[in-house]
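Following are the structures in question.
Consider the two complexes below, in which chain A is the common component and chain B and chain C are the respective partners.
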Partner chain A sequence: MSAPPEQVTITIDDRSVSVPKGTGLVESALQAGIEIPVFCYEPRLGPPLGACRMCLVEIEGLPKLQAACTLSAQDGMVVRTSATSAQAADGQEGVLEFILLNHPLDCPDCDKGGECPLQDLTLRYGPGTSRMVVQKRTFDKPIPISPLIALDRERCILCYRCTRFSEQVAEDGQLVALNRGASSIIATFEDEPYRAHFSGNVIDLCPVGALTSTVYRFRARPWEIQNVPTVCAMCPVGCNVWATTREGKVARVLARNHPEVDGGWLCDKGRFAHDHLRAADRLTEPIRRIRMRGLVAVPWEEALDAADEGLRAAGASVCVAFSGGETVEQADALSRLVRQGLGADVALLPDDPDPALDAFRAPLAAIRSANVCLVVGDEPVLERAPIVDLWLRAARRGGAEVVTVGPAGAIAAPPGSAAAICAALAASSPPEELRELARDLREADRVALVWSGDDDTGGRHLAGLAAALELGEGSGAYFLPRTPNGRGVAQAWRAAGDGRGIDPSGDEALGALIVSGDEALRDTRVVALADRARFVLTTAMFMNEAAGQSHVILPGTGYLERDGTVVNLEGRSQRLRRTVEPPGWDELAFFAQLARRFGVDVDPWTRAGVDELAALPARSGTAPVVAAPAARGPQRAAGAGGDFELVRYRALFSGAAVERVPQLAFQRPAAEVELPGGDASRLHIATGERVVLRSGEVSRELAARVNRRLAPGVARVAEEHADGLADSVRIEKA
Partner chain B sequence: MSELRDEIHAVARRYPARRSAVIPALRLAQERYGWLPPEAFREVAAALDLTPAYCKSVASFYDMFHLEPVGAHTVEICTNVSCALVGAQRTLEAFERELGIRAGETTRDGAVSLRTIECAGGCGWGPVVAVDHRYREPVRPEDVPAIVGELRRTTGGA
Partner chain C sequence: MAPRHVVFELAESADVTRLSDYERAGGYESLRKALAMEPAQVIEELLASGLRGRGGAGFPMGRKASFLPKPDQTPKPIYLAVNADESEPGTFKDREIMLRVPHQVIEGILISSYAIQARAAFVYIRGEYLTEYEVLRTALEEALDRGLVGANILGSGYSVTIVLHRGAGAYICGEETGLLESLEGKRGQPRTKPPFPAIAGLYAAPTLINNVETLATVPRILALGGENYAKLGVENSSGTRVFSLSGNVARPGNYELELGMSLRDLIVGIGGGVPGGRQLKAVIPGGSSTPVLTADELDTRLDFDSMARAGTMLGSGAVIVIDDRCCMVQLALRVAQFYRHESCGKCTPCREGTRWMVEIIRRIEQGAAGQGELDLLLNVCDRILGRCLCPLGDAAAMPVASYVAKFRSEFQRHIDEGGCPFRGTSSLEGVLAPVDEHHARARARIEVPA
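Moving on to the complex of A and B:
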């Protein structure tokens, strides 16, 4: 344990304040209840830049005004802000006059108007008039820097928040400043779209109306909106968000910094996918398949009767397929209906993470302060739980050793070998290529272990490694589930009965299948089950997803319309709030009623449970003993001829919601296959060339992309472009 | 263009981190193309594991990288204070007259680009003119026709 930091005392505007040594002046002033205005300063972007000079203060003993954001509190410092120093006030007024020289002042038709720091600070600290009499500089505006973001260069004050985010936080290197001094402009390369998972954060960061959201632009004014705190339930991170609503519709989603979970960042899926709530094929009424008439809209009571009847006829031959997006309360209602009401015991769970990891639970933010981070598994972290990728990058910038072991890892390992890697690292004498890593893991004070793959046993293997490394406080182990609340759903299912959900194998007829949610409808196992079921009851948001095999379809709700609890990948229970009304009953209300008809009492309301900034529960359980899986050789020979092992991953920008938001189309995975550098040059395949992937009767033509990080003999494709292909494919030029 | 890649890799080996080699790499690319077309940024970025946007942002900061095509020859005149005091403006005008273009332009035949630059570090011998990156100092208006004639001869143009 390090000693508590030394306290220093400084005087700001005649108020004295004590802060830990090293605290910035802006924060110190805040602690004394004094505002030092800023534009460019944003500690989450790395070291201060001092670009805008809005934060000028007078410091006793220094001849000139100083940029407060670049200084930290020193014992005995005497600071005067514009409140008590005429010199500082004059300086800030001058800075604002300068910033506004070329600013168009088109506030009336600026989307930022009313919530614009430049507007606010000009009012409070600015000169009120301008001496600028010549023509202002103009630019074409607005120009799209992507289908999601519009740039107005006239309004830009060159604070470099956006470019620092791109370079130093997301590290995508796409949004940059061109030229120098007064000619500087913000740009992408050759006007190509800013295509990156976190691009939307620059909108939140921009202190003026230079970067605005094309999805939100001109939809609302700040005085006619309400911001409702909730949680993003589009992936297992569970970022905290504000949903901005206007007239009962969600107009935008903003970050609501939970420092342990998301650090105030959102991915573009969470930020921009909300318009799926208004998709053209959104279901608003229950629908029933009626013989000779097809799918017909029916009243809720009739849907309830039909569901009742269909389930009763099935006896105990019932299976429920979860999507992993349900709230804990919804999953509980459904689980108890099935297990206690119908006496059935079969469920398809999209995730069933092993609880063993709870013994090594830690907030996601702990990754940032780890000395060594290990990532195993076949799926890219960025696609599965994007914010975790940001934490890993922050760790690396902070000096941590971040090692990926897998088909695209710094240490190459064949697909499906994550469990073997964990076992090998835990063993007393690891194989040659893992020895250095194993030593570093053992010697490090703080370690973060991440499993990014589809194997539910991953948590157990990771916990085995964590136990062998004797990870203590400050270290953490994280399993990344496939679905947003897969963890909470599995817990609810297990709690509702004593049997475990069993995979409904075999091919005998099934009495009834309950499909919960659009994502479940896309599961190939669910499609096969539906073929065997005499009665299919579906809840879904979108008609085109649900129409296929269902007998009764209930309009589903989106996470922004739900009240309830979701459990994120850390094991943190967070509260979803209903930000807007769903089109009809929500699933909880329906299933509570249905359960009552089968003699099970389910509360149709969500009880107030968890806090706004939910804390992480304490560690629980003990580390398990894991049997080491048979190790596969860590390195496989390159595919002979054109034979490759196919790794598929689920892209972040995929799924029923994303597909219904046209502005996100450019973010969806390109129809391409990634090939390792060595194999590609051996087969004379270059990036951009067309290739054909074949397995058995199935073939697929895609563009090639050479990825030098990929292990020899491995090809990688986004799931949606790998339809029907087997795990081993032959690849040749088209 | 794999040779450019090799040259860049060779330079990059002299630096502890690859990205530190971005300026020498851009120079190599400019030598290859005469200026820095989008393609050059893509190649430099690929060789150093950077993004083309980053490379362009670096190049655009510096005067000696050309983001637009330039003539076969370049004439650069310092117009900062020391050279200005000894008549840089008149030298510049002489070049403009002789070449028929303004500062910042290239002759229609692509032979010569003319531009003004910031201090070239030859303050004691102004006006300083860099012809194809070699300094001539001092250059007075009456020296200009001979220089232009020399450049025209070596491009074989009129």
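Moving on to the complex of A and C:
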């Protein structure tokens, strides 16, 4: 452990404050209870830029005003802000006057009005009147830079927060500054739409109303909204968010910085998909299948009776299929109904991560300070747990070696070989291509291991490697589950009984099937089970998904309508807060009542307390010893002819919620197949050309995209475009 | 007697653009001499010479070189960046140096690289200087063929690569950190300092940045000996400088002079004074960014300290002579337009302030301004001065404020008479800056779903 940093004492506006050496002046002042106003300064975007000059202060001994954001506290420094220095006050007023010269002052119809740093700072530090009598600069406005974001160049104060985010945080390089001087403007590269997983963060970052959300635009004024702190339950990261509500509806979702989890960033799914709550095909009443009449809306009590009746008839021949998005409390109610009330023991769990990794638990933020990061598995981290991708990028920018080993990795490995890679890296003499990486992993002080793939045993293999590397505090190992609360659901299921879940893959008739949620309903295994079930009870938000084989359909809730607990990929329990009322009973209330009818007492509400920023539980368990699986090594021969191994991944921008937000349509994965460079040129296939993928009787036509990082012989397709295809396909030009 | 010319000495009696001719005149002897010395000794010579940067800021070169870490003190490579972006209006000395003594520039780069143990030197040359670039390239190829550049130079064991990089037409890329950003392939915008380039410059590696003339002087310092060079010129301003004399003067051109001569010596003695029997009105002594001097101040001497005492600067050594036909308001407009056009747009006071300055001066020039606007102009200058990220903002505010201070009555007459008192006869009439910005208009073609 390093020694605590040296303290230095500085004086700001005659107040003395002691801070660790190296603390920035803005932060030091804050500690003394003094505001130094800023626009461009945002430490999360990298080193200070010193561009806007809003933070000018006087520093004793220096003739000129200094940009406080670019300086750190030095012992004995005497700083004066506008509160005690006329020069600093003139500096700050001058900067605001310059900014306002060309600002349109259209606050009355600006989305930012009322929650705008420019308004606030102008009130506190700005001039009372304008001395400008000449024309303001004008631009076409607003310009959509994507279907999600509108840009108003007249309002832009050129703080370069947005371009720095794009360039230095998300590293998508799509937002740029054009022209020079007073003609400088923000634009997208080559005027292409800003299509990137994290684009919406620039709206939060913009200190004025220059970048606004097309989804939120003109929906509310800041004085008629309520911001409710909750967490996003759209992926297993569990970013902390504010849900902005107006008149009982969710109007927007904003990032709420949990420094250990999300660092204040949010992906576009978490930010924009909330409008699915308002979708036209949203179910609002229970529905029952009535002979000769089809599906009929019924009162809740009647739905409860029908469910009771259907389950009672099924005896113990009941299976429950989870979505992985349920809260722990919902999953607990359902699990206890099934296991304790019905005496059944069969569940389809979308995730069942091995708990072995709890011995190497660490906050996600630990990735950023790792020296070596290893990513294994077949699925792109960005699609599975997007924020993890940002932490890995931050690590690489900080000088870490970030290595991916897999079908699209820097070290190529065939699909499904992640367990073998872990074992090989843990072995005393790893194969040639892994030797350097193995050495770096062993020699590194701090390591981050990430498993990004569907295999539930991944955690165990990763834990085996972590144990071999003797990872200590400061290092972490992470398994990325498929679903937002897959971990919590599996834990709840297991806690509700001690029987083992029976493999539901036989073909005998099933007494009843409970389908919990829209995701489960889309699972092909569930569809097959429903065919064999005499009674199907479904909860779902959307009608067109839920119809089909169900006998009773209950309107489901979205995560923003639920109270409860979700467990993220780190193993952190976070509290979901109900931000708006669901259309009817929520699942917990319904299943608690149903359980009571079967003699099981379940709380119909959530008992968990509310932590604004949930802490991570301590490490637990001991590292398992894993035998090396007999598996394929990292290298393999290139695909012969047109035969490829198909890797499919679940795109972030997919699923029932995303499909219901038209502004997100452009973010959904294109109907494409990615092909390795070598194979593509051998088959004379270029990006954009149509190709046909065939396996057995099934064929699909897609556009080709050459991806030079793909391992030879591997083709990659988003799950939704790979319907029906087997794991090995033949690809030819259409 | 020490020679009067230093930078151009070898080119005085012969064409030394070819390697063989340059060597015959004694070229590359200084390189041999340097390579036989310890790098630290070379820096000692530079310190002893008192050589101050010729790019504008006048920082002592030896001191700047000594700020860089030694190779065993840094895990990064060390670089030299050569500032050949010469863009300050009125300045045209570096181009003549590159044209006439290209090998001396290269020799200076090599010696300086050796002194700091640089692994590579990057010459950032103004994009419009095509001929200069070709001449420098030819010289570099000759030097490469002769083993003067590249691996194991002259068998010394020291290796350095020289890269020529052409700019794309931005004044701000002459500012040292803007230059580094541009070299890295980024938008040419200055960086906030610290960190200083000596610690974290090009690709975050220790970097020394010097002007072409500064570097071209280095071989001559090695030849003369630092102490002998220091005897030229005056205290705090040793040696010679190449002055670019232009404007309303009989014999404009580049003149290399020992520092410490007076403006009168240069303008009247050498330049032949103002032609056509007209009166000298003002002198811009060090490039368009420096505060103006009046005819009464013609005895000010051309050295760093004398200029500072007169409230101005030696800058880039560009002396612009202005005669009595010139409207100072038009001059202010012309200068402000230049800086507005060249402002990189990164920091607020410069980006917005230069635009505002232009608008106010234009109104004064057209006779549309009210009385308050003259003080407003001065206040805007005040709010730019010393508050920007880089000195470009100052470069706009300082000269304009000095025009108002020294020729206030002329500004006042524009307001009083509702127009220009020169009534169309000013020498700047019709030669205002071409300020149509070449900016890309972004096209909107992104559909937003209803």
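Keep this in mind: the second predicted complex is superposed on the first by the 731 of 734 C-alpha atoms of A that agree within 3 Å, B and C clash if a C-alpha of one lies under 4 Å from a C-alpha of the other, contacts with A are read in each partner's own complex, and residues count from 1 in each chain.
Here is the rule we use: a residue touches a chain if its C-beta (ideal position, glycine included) is under 8 Å from a C-beta of that chain, and two chains touch if they have at least 3 such contacts.
From a predicted model like this one, the values you see are computed outputs, not experimental measurements.
Answer with first, second, both or neither: which of chain B and chain C does A:393 touch in the superposed model?
A:393: touches no partner chain.
Considering only touches as defined above, state whether A:189 meets chain B (first), chain C (second), both or neither.
first
After the superposition on A, what does A:572 contact: first (chain B), second (chain C), both or neither?
neither
Quick check for you: in the superposed arrangement, does A:147 touch first (chain B), second (chain C), both or neither?
In the superposed model, A:147 contacts chain C only, not chain B.
Looking at A:52, would you say it contacts chain B, chain C, both, or neither? Reply first, second, both or neither.
Only chain C; A:52 stays clear of chain B.
Counting only touches as set out at the top, which of chain B and chain C does A:562 meet: first, second, both, neither?
neither
So in the superposed three-chain picture, is A:99 touching just chain B, just chain C, both, or none of them (first/second/both/neither)?
After superposing on A, A:99 lies in contact with chain C but is clear of chain B.
Report for A:179: first if it touches chain B alone, second if chain C alone, otherwise both or neither.
Both chain B and chain C are touched by A:179.
With both structures superposed, pick whichever of chain B and chain C touches the larger number of chain A residues.
C
Residues of chain A that sit at the chain B interface in one complex and at the chain C interface in the other, please.
Residues 177-180, 187-188, which sit in both footprints.
Where on chain A is chain C touching in the complex?
Contacts found on chain A: 48-54, 56, 63-65, 67, 70, 90-91, 94-95, 97-99, 101-102, 131-135, 137, 140, 143-147, 150, 157-158, 160, 177-185, 187-188, 191, 193, 214, 662-663, 665.
Taking the complex as given, what residues does chain C use to touch chain A?
Touching chain A from chain C are residues 170, 172, 187, 192, 194, 340-356, 359-360, 363, 376, 383, 386-389, 437, 439-440, 442-450.
Using the touch definition up top, name the residues of chain B that touch chain A in the complex.
Residues 38, 41, 50-54, 56-57, 60-61.
Once bound in the complex, which stretches of chain A touch chain B?
167, 172-180, 187-190
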